[in-house]
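Here's the structure we're looking at; comments come further down.
We just call them A, B, C, D and E in the order they show up, numbering each chain from 1.
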Amino acid sequence: MQLKKTDLTGALKILAADASVFVPGEIEGIKRFVLWDGESDVDLGGANTQLPPKDILFPCTEKMYNYKMGDSIEIKEIVEKPRQVIFGIRPCDMRSIDCMDHVFLEKGFVDSYYSRKRENVTLIAMGCTTPERTCFCDSMGLDPNNAPNADVMMNDGGDTLVLEAYTEKGKAVLEALNGLLSEGGQAKKDTACTLKVNMTPELPEKLAGMFDHPIWDEVTRACIGCATCTYVCPTCYCFDIDSDNHGAEGTKFRCWDSCMFSDYTRMAGGHDPRPTKKERVRNRYMHKLSYFHERYGQHLCVGCGRCVEKCPAHMDITMFIDKAAEV
Amino acid sequence: MSRIGVFVCHCGTNIAGTVDVARVAEAMKAEPGVVFATDYKYMCSEPGQQMVKDMIKEHKLDRIVICSCTPRMHENTFRKMLKDTDVNPYMLEIANIREQCSWVHTDKEKATEKAIALARMAVAKVGRDFPLFTSTIPIHKKALVIGGGIAGIQAALDIADAGYQVTLLEREPSIGGRMVMLDKTFPTLDCSACISTPKMVEVSAHPNIELRTSCELEDVSGYVGNFEVTIRQKARYVNHDICTGCGLCETKCPTKVISEFNQGMSERRAIYKSFAQAVPAKPVIDPDHCRKLQEGKCGVCQAVCPLKAINFEDKDTTFTDTYGAIIVSTGYQLIQWQDLYPEYGGGRFKDVISGLQFERLVNASGPTEGHILRPSDQTEPKDVVIVKCVGSRDPKKGKSYCSRACCMYAAKHAHQILEKIPDSNVYVFYMDVRTPGKGYEEFYDRTRKDGANYIRGRVAKIYKEGGRLICRGEDSLLGRQVTVEADLVILETAMVPADGIGEVVHKLGIAMDADGWVQEAHPKLRPVETQTAGVYLAGTCQGPKDIPDTVAQASAAAAKVCGLFSKSEMETSPMTSKVDQSKCCGCGHCEVCCPYKAITLVEIDDREGPKKIRRTVASVNSGLCQGCGCCAAACRTGAIDLLGFTNDQILREVDALCQ
Amino acid sequence: MGEINHECTCHGNPLVPQVVKVIKITQETPDVKTFRMQTPDGKKPFAPLPGQLGMISVVGVGEGMFSITAQGEDWIESSIKKVGMLTEAFHELAEGQEIAIRGPYGNHFPVEALKGKDLIFIGGGIGLAPVRSLIRYCMEHREDYGHIDIVYGSRSPEDLCFKEDLFQNWPKEKDTRVEITVDRGNETWEGNVGFVPAYVEELAFSPENKKVILCGPPIMIKFTSEALVRMGFAKEDVITTLEMRMKCGIGKCGRCNIGSKYVCLDGPVFNLAELDELPDEK
Amino acid sequence: MSSIIEELQSTVKKLLEDGTVGYVIGWGATRFPDRTTPVFITRPEDAHKLVWNHYCVNGTAKYALDDRYPEKKIGIIIRGCDSRAVNRMIQDNQLKRENLYLIGIPCDGKENPVCEGCQHKNPLVYDVLIGTPVEEKINPDRFKEVAEFEKLSQDEKYEYWAKQYDKCIHCYACRNVCPACNCKECYADQYRVGWQGKQNNRNSNQVYGLTRAFHVGDRCIECGECERVCPMGLPIMRQTKKMLKDINDLFGDYECGLNDSRPHVLGEFDLQDRDEFM
Amino acid sequence: MSVKRDENWEPQILAFCCNWCTYTGADLAGLNRMKYPENVRVVRVPCSSRVNPQFILRAFQKGCDGVLVCGCHPGDCHYATGNYFTRRRFMLMQRLLEYNGIDPKRFQARWISGSEAAKFRDTVTRVSQEIKELGPNKKFQEEWYSEGGAGNE
C-alpha cells in the first residue's frame, strides 16, 4: 500500500483521533520525537532524531504509586495505559524496543509499567534513507531498510510512503487509513551505512574473556563520567527508584539512571564494586556487546551512533569494537 | 519513623485568645511522626513540665515540639526539663506562636492557620534532630597578657592578685609602655612615672606573674581554656639570670644610638636599658647597632662585665605554654605625620615636634632634664603653637576618628609651658574642645585662664622664616586668616594601633575594624571581649582612650578572666559546625569565611581504591566554633553542616511551610 | 542454585509493595533489630524460600533489600542492622506501625540438593541473618539432613545476633552443634575468642559429604573460603550469598549485575565455583 | 603548524623517556578528521599519536583530578584555558602544582564559538612552552550577550530558560567537565540529603541550573566546556557569565584562574561593599 | 490550589531571620503588639550567613511567593562578619534570580536590628503588599505543587 506524502497530515489526523501520535520534529533546535499537534511538519528524512523515542515507553521520570503515611499506610498504584503511536521510528530504534521488550517482559518478572505502555503502542517504522556518518546499524546486524518488529513498516517511495503491515495492530492501522491509501508502490530499500565496523559474531564471547585485558585502561580514560551516552542511547534501560514526599503524602517514582555515574553502584557502607570509570565504561561496553548477548541472544547496541555523535570526550564505541576485534 | 510529642501552650489567653490551640494540637496529630499532641494552659509551669515528662514516658516520645512563646524565652527552660527524661535536650523545637503569631495578629482563623504552619515547621525540623551532647572543656587557669603597657600591667596585676598565674608579654626590653614616657597626667598633674613605675616593680615582684620582655607572640592554637601559645624570646645577649643591672657595661659601650624612649631627642648606648626605671632593670644589646655583633669587633661590655653575663652567641628561642585566657593590650603609637602632612614641614623642621616628644622634653628625666628647650638650638621658646587633630578627624589625610586624649593633653601641654616659661605665649589651634571626664572641663578652663590662646581652626601651613616657624591658618570663628610666629610647634598627633597588631590579630583569629583597632565583640555590651571566646581586650588596642579608661578596661578584662577561671571547666554549646570528612573535598571555602579561625585544613589518611593516600579536609575546632553557620552556606557539597540548624532541617522547615 | 521462584505476591505489579504491620521488634544487638511483619488482616505477606529477599520500605523514607530470616504461620521476619539513614528509620519504628514490603526476590538455598548432607553453617555478624532462614528450614525438616554444625562469630559478645537461637533453641536440636567465637571477649565471656576463618580451621572439618553455607562480611567470606579450600572442600560445596546495591529487585533496573548475571534475580545465592565464573566485580 | 606538532611530540617523547612524567594528557585522532579525543600517552613511542589542530577542543586539565595522588608527575598539554583550569583547581586545593608538568601551547582558537572571546590564548603557567606566544586581545564584548539578555522582561527571561531547561536530560556533562566543579561528591548526587530529587523535570533542571551557576559562577574560568559538551545545546555559560558580570559590576574587575592567589569573590568581603539591603 | 486564584488569595512569604537581630526584633514587635500580615512565616537561623542560597530556590520550588532574608546591620553581626558574606551572596543571588525571571521583589534581603520592631513590621507589611500585587508565583515551582497534590485519581 502507499500513501501520498501530501496526504500525510490527513493520515496523522486519523491516527491522532484516538491516540497520542509522536512524530520526528524539532523543539528548541533538538530533533526528537514530539507529540504531533495536528499541523506541524513531520521530519521523516534527514538525520535521525538526536534523542531516541525510548521515553515514550519508558519515561525518564515515571510515577509508580502514591502513598499516604501515618498510622495506617495507603498505597495507590498509578495505572496508565495511554494509547500511543510512534510514527516514523527507524529500524535502529525499533531494534532498541526489541531489546527493551526482552528486559522488561522476560526473565521472570514482567514490568507492569512498561508492559501497559507497550501493549497500547502502535509502532509505525520508517526505513532509513539518510544514514549519518556515525551510523553503523548494518554492522550490528540490522537492516536499515526494515524493522521486523514494527506494526507497520514504511519506506520512502519518492512522492509516496510505501506501507506494509507486519502485525494485527498494523493491519488495523492500514484499515483506518484505507481511504488515503492506494495499492502498489515501490520503495527503494538499498540504504547502507557508510561506517563499517568489524563486529564479528565471535566478539561477544571474545569480550567475555577480555575482562582483565589492558585494552580497558586505554579506552576508558577519556570518559568524563557523564550520562550523555546512556541518555541518548535508545537501549540503555537502567533506572533508579526514589520517592518525593510532601508532608504526609508522597509519590514513588522511577527515573533513568546511568551506569556511568560514580554513585551508581556505591553501597550504603561505601563499598563500590565499580569504583572508577574504567570499571564503569567496561561494564557499559561489555553490557552492550557481550553480557546482554549472553543473556538475551542479541546485541544491546543497535548502531544508531548517537553516543558517538554526542560524547563530550569524543569516545567512540566503534573504535573500541574495531580495536577489540583486532586483539 | 520518629515519635514526636507536640505540646501547645495557651499562655493563659496570650496565645489562646487569638489562636485556637486545640485545633493546632489536633492538626499536628496528622503530621508524620507525631504520636501525641495536646494543649495546656501554661507549658512552662511546673505542672506543664511535669505533663511533658509524663507523656514522654507514656508514649515513648523521642522528640518534643512545644508551641509557645519565643524560643529566646524558654528554650533553655525546656532543655533543662528534658535533662531528667530519656529525651535528649536537643531533640526539642519550639514554635513561636506568641510573639510571632498571637500577639501580632487579630484574625483568629488566620492566626490559627499560621500557628499550625509554624507548628508543622517545628515538627518537620524536630524530626531531623538528633541527640547532641554538651561537652565540657577544662580551663587552664593561667592567663597571657600581650603588651606590657599600663593596660597590660593593670590586667596582669588584677588577675595575679586574684590568685591566678599570669604571663605578661612585652616585645620591648622593658614594660611600661607609653604611660611611663609621659611627664604628667591630666587633669591632676600627677607625675606619670611616679604612679606607673611602682606598678611595674610590683609586676616584676609578683609571685603569680611571669614577666617576659623582649618577647613576641609566635603562634596561637587551641581555644578558650586551652590556648597553646608559642612565644619567641628575642636574643638579648645579656644573661639576665646573672646580670645584676650594675650598669657598668652601659657606661663603657662606645656605640651611641638614638634613644627611642626619648623620642629621638637623646642618645643611648648599643647595650642599654630603655630608661632609668626600666623593668627588668637589666640591659640588653641592640644587635643592629652593636659593633661586636655587626662587625665582630669591640666586645668591651663582655670584657668589663664582672659577672660574665654578656653572651654574643645568644639566639632567639621559643617556648610554648598553655593559657586559659588571653588579654590583648598591645596599645597604640602615634601616627607617622611626617608623610601625611608635608605642609607642616614633613619632619624637616626640628622644632615641629609631636606631643610625645614634648612629654619627654618637659620631663625631668628627659633629654633636657625638664627644661623646655627647642630641639634646634636648645633655647627656650617664647611663642609656642599647639596644633590639635593632626591626623585625627581628618579622613582625607589621616583618620576619621577622634583620638580622644589629645584635647586634654594639649591643654596639659599649654599649661606646662605657661607654668615653666612664665612670659611665653601659647596658641592652640583646635577644631573642637572635647572634655568629657571627671575634672576635665575644669582643667581646660584653668588652662585658658592661665593664658592659653585657643584659636578655632586648622593650621594650613607651617614654614620657616628667619629662624622662626610661621603657622598660617584660619580662625573659623572670626572667619579670617591668622598667622602666628612660633619658636616651637607641638603637633598633637592621632593615635593609631601599634605596629604589628595585624599579626597578633591574625594569630589570635580575632578581627580588626577598618582603622586597624581590634574589634570588640559588641560595641555596647561586650566591649572588652572579642568574638573569640577567651580572648579579651584592654586599653588602646581597641581604640583611642585615656589612662583612666584604659585602666578601667584592663580591670574589666581581668574580671572577665577571673570569672572564667573561677570554674574548673566550662560547658560548650554542641550546636557547632561539623565536617563530614568523607564528603569534604578540602577546597577551604569554609575556612576563609570563618570569623573565629575555627576551621583548619588538615591532612587525613584515606584510601582511594587500593591506594593509601593523604587527603586534605576541613576540620572544625568545636571549642572555637560559635555556631554561626557561615561555613555551612559556603560549602557547595554540604560536607560542613551546622548541628541544630542542618541543611536537612532547614530544607524540611521550608518544605513544611509550603504545604 | 535453587529454582527461581517468580511468583508475584503484590497484586500483579511487582514494583508496588503491600502494606504490612510490624507486630514484634526484637533488639538483637545494640545495632541490629529483628522486625516481625504481618499483613494488616493478620496474614503472612508471602512465603519465601530460605535465602530469598524482600524489598522492605519505611514509606516516605526509602526501601532496601533485606534477607527474610524467618517465617511462621502468619508472619515473616527480617533483621536489620543500623548503617545509614534508611536503616535508622527502621530502628525508630515502634510495634504496631505499618511499613511496606514487596517480594520475595532472588533465588534460594538449594534445599533439595542439600538433602542427606552434613551441613556446616558459617556466619559472621549480621551475616547469620540470611543463613538463619535455612537453619530454621533444616530444623523443621530435620530428618532430611545430616549432622549440622553452626559456626558463628561476631566482634564482641554483645554483637551476637539471635542469642536465643544460638544458646537455647539450636543446641537442643538433635545432632546439632553450635560453635561461637568473638573477636574480642569481655569479663563474662567464656567461649572462644578469635576470628571466624581461624576458628573454622581450628575446628578441622573433614569435607566428606559436607556442604558449607557461608555468609558474612566480604573480608570474612574471602578468608573463610580460602581456609575451606585449604581444608579440602570443593568450591561447589561452599555456598554463599552476595550483596549488591539493588533497586528494583526484579532484574530490570540494571544496577546489581555481575557480568550477565543479576544478583537480585539470579542470586543472591551462589556457590564458590559459580562465583569464580563471574567477572571480579563484586 | 606541523613544526609545532613535531616539537610537541618530541618534547613529550623526551619527558616520557627521561621519566619526568608518568604520562601525558593531550589530544589524539579519531575516525573523523574534524574531531579529536583526549589521549593519555604513557610510552615514548606513542608520542606520535598526539595531534594539534583546529579541532583540539576538549579541556585537558580536569583529567588530572582522576589521578590526584600520582606517583610521577602528570604531563598535561595545556592551552590558555587549560592553564586557567589548572590554576582554578590548584586554588581550590584540588591539585598540587608539584604533581604536574605543564606543557604549554599557545592557542589560536579552536572549533568552538567560545574561543572568539578568549582573552588568554597563551598558557598563563607552564613548565615548557611549545611554539611562540600569540597576540592576546581584550574582548570588549565579554558580557555583551548577558547585557542583551538582561534587557528582556522577566517573563521573557523565564520563558527562555524554561524552554532551555525542558531540554536538559540530567546527564551532568556540564558538571563533570567543569574545572570549577571539583567537589568530592556533588550536592546534586546527594539525593538522601534532599537538596534535589532525581526526577527529571523542568523544575529540578532549573534548580540544578541555578544552583550550579551559583556554585561555580564566582570561580568560572570561562573555558566554555559546559556549553560545548551539552548534548542538548543549553546556553549554560550564559548563567555563569551573568554571575561574573555582576561580580565585575559590584566588586571590581574579576577574572578567575589567573596567576594570583586572590580568594574567590564569595570567600571574602569588603566593608565598603555596596549595601542594597538597608 | 484553587485558593490561589481567588480574590482572597494570600501570598506565602518566608522570612529567614537571624537569631540575634531580626528574630529578636520580630519578638519585640510581638511584645509591642504591633500588627502585620499573617502570611509571613519566620525560619530562625543563627546568622543570616547561615542561609544557603539554595534554601531560597527551595522555597520557590515548594510554592513560596516571596522570600525575605533578614540579619543584623553590617558591623553589628553577632558573629562579627557573617552578614558581610550574606550581603555579597544575596546581591548576586537576587540578580541571578532576576536574570532567570524572578521579580527582585520576590526575593529581598534587609537588615533589621533587635530594636527595630517597627522596621520589621513595616518591612514584612510592605513585602507582603508588594507580593500581593505581583500575584502568585508560578516560576520555579515544582510540578507536584502546581498540579495540586498527590493522589489525584
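In the analysis below, contacts are C-beta pairs under 8 Å (C-beta built on N, C-alpha and C of every residue); 3 or more make two chains touch, one makes a residue touch a chain.
Chain identities (UniProt): A = 4Fe-4S dicluster domain-containing protein; C = FAD/NAD(P)-binding protein; E = Hydrogenase iron-sulfur subunit.
Keep in mind it's a predicted model, so treat the numbers as computed, not measured.
Enquirer: Taking contact as defined at the start, I'd like the list of chains shared as neighbours by chain C (FAD/NAD(P)-binding protein) and chain D.
Expert: Where chain C (FAD/NAD(P)-binding protein) and chain D share a partner, that partner set is A, B.
Enquirer: Give the chain pair, either B-D or D-E, that is connected by more C-beta contacts.
Expert: D-E
Enquirer: In terms of CA centroid distance, which chain is the most far removed from chain B?
Expert: Relative to chain B, the chain with the farthest C-alpha centre is A.
Enquirer: Which chain's mean C-alpha position is the greatest distance from chain D's?
Expert: Checked the centroid distances; the maximum from chain D is C.
Enquirer: Compute the distance, rounded to whole Å, between the mean C-alpha positions of chain A and chain D.
Expert: 32
Enquirer: Just the number, please: Cα centre separation of chain A and chain B in whole Å.
Expert: Going by mean C-alpha positions, chain A sits 68 Å from chain B.
Enquirer: What whole-number Å value describes the gap between the mean CA coordinates of chain A and chain E?
Expert: Chain centroid spacing, chain A to chain E, equals 45 Å.
Enquirer: Distance between chain B and chain E based on Cα centroids, please, to the nearest Å.
Expert: 35
Enquirer: Which residue numbers or ranges of chain D touch two or more of the other chains?
Expert: 185, 187, 195, 201, 266, 271
Enquirer: By residue number and range, which residues of chain C (FAD/NAD(P)-binding protein) touch two or more other chains?
Expert: Answer for chain C (FAD/NAD(P)-binding protein), listing residues that touch two or more other chains: 60-62, 84, 97.
Enquirer: Listing for chain A: what residues touch at least two other chains?
Expert: 69, 240, 242, 244, 246, 250, 257, 276
Enquirer: Enumerate the contact residues on chain A facing chain B in the complex.
Expert: Per the touch definition, chain A meets chain B at residues 69-70, 246-248, 270, 275-276.
Enquirer: Across the complex, what residues on chain B touch chain D?
Expert: Interface residues on the chain B side: 514, 582-589, 592-593, 601, 608, 611, 613-614, 616, 634, 636-639, 647-648, 651-652.
Enquirer: Across the complex, what residues on chain A touch chain C (FAD/NAD(P)-binding protein)?
Expert: Checking each residue of chain A against chain C (FAD/NAD(P)-binding protein) gives 64-65, 67, 69, 71-75, 77, 103-104, 107-113, 208, 211-212, 237-243, 245, 250, 254, 257, 259, 264-269, 271, 273-274, 279, 283, 286-287, 290-292, 294-295.
Enquirer: Along chain C (FAD/NAD(P)-binding protein), where are the residues that touch chain B in the complex?
Expert: Spelled out, the residues of chain C (FAD/NAD(P)-binding protein) in touch with chain B are 58, 60-61, 89, 92-94, 97.
Enquirer: Tell me, which parts of chain E touch chain D in their complex?
Expert: Residues 53-54, 57-58, 61, 74-75, 81, 84-85, 87-93, 95-103, 108-111, 139-143.
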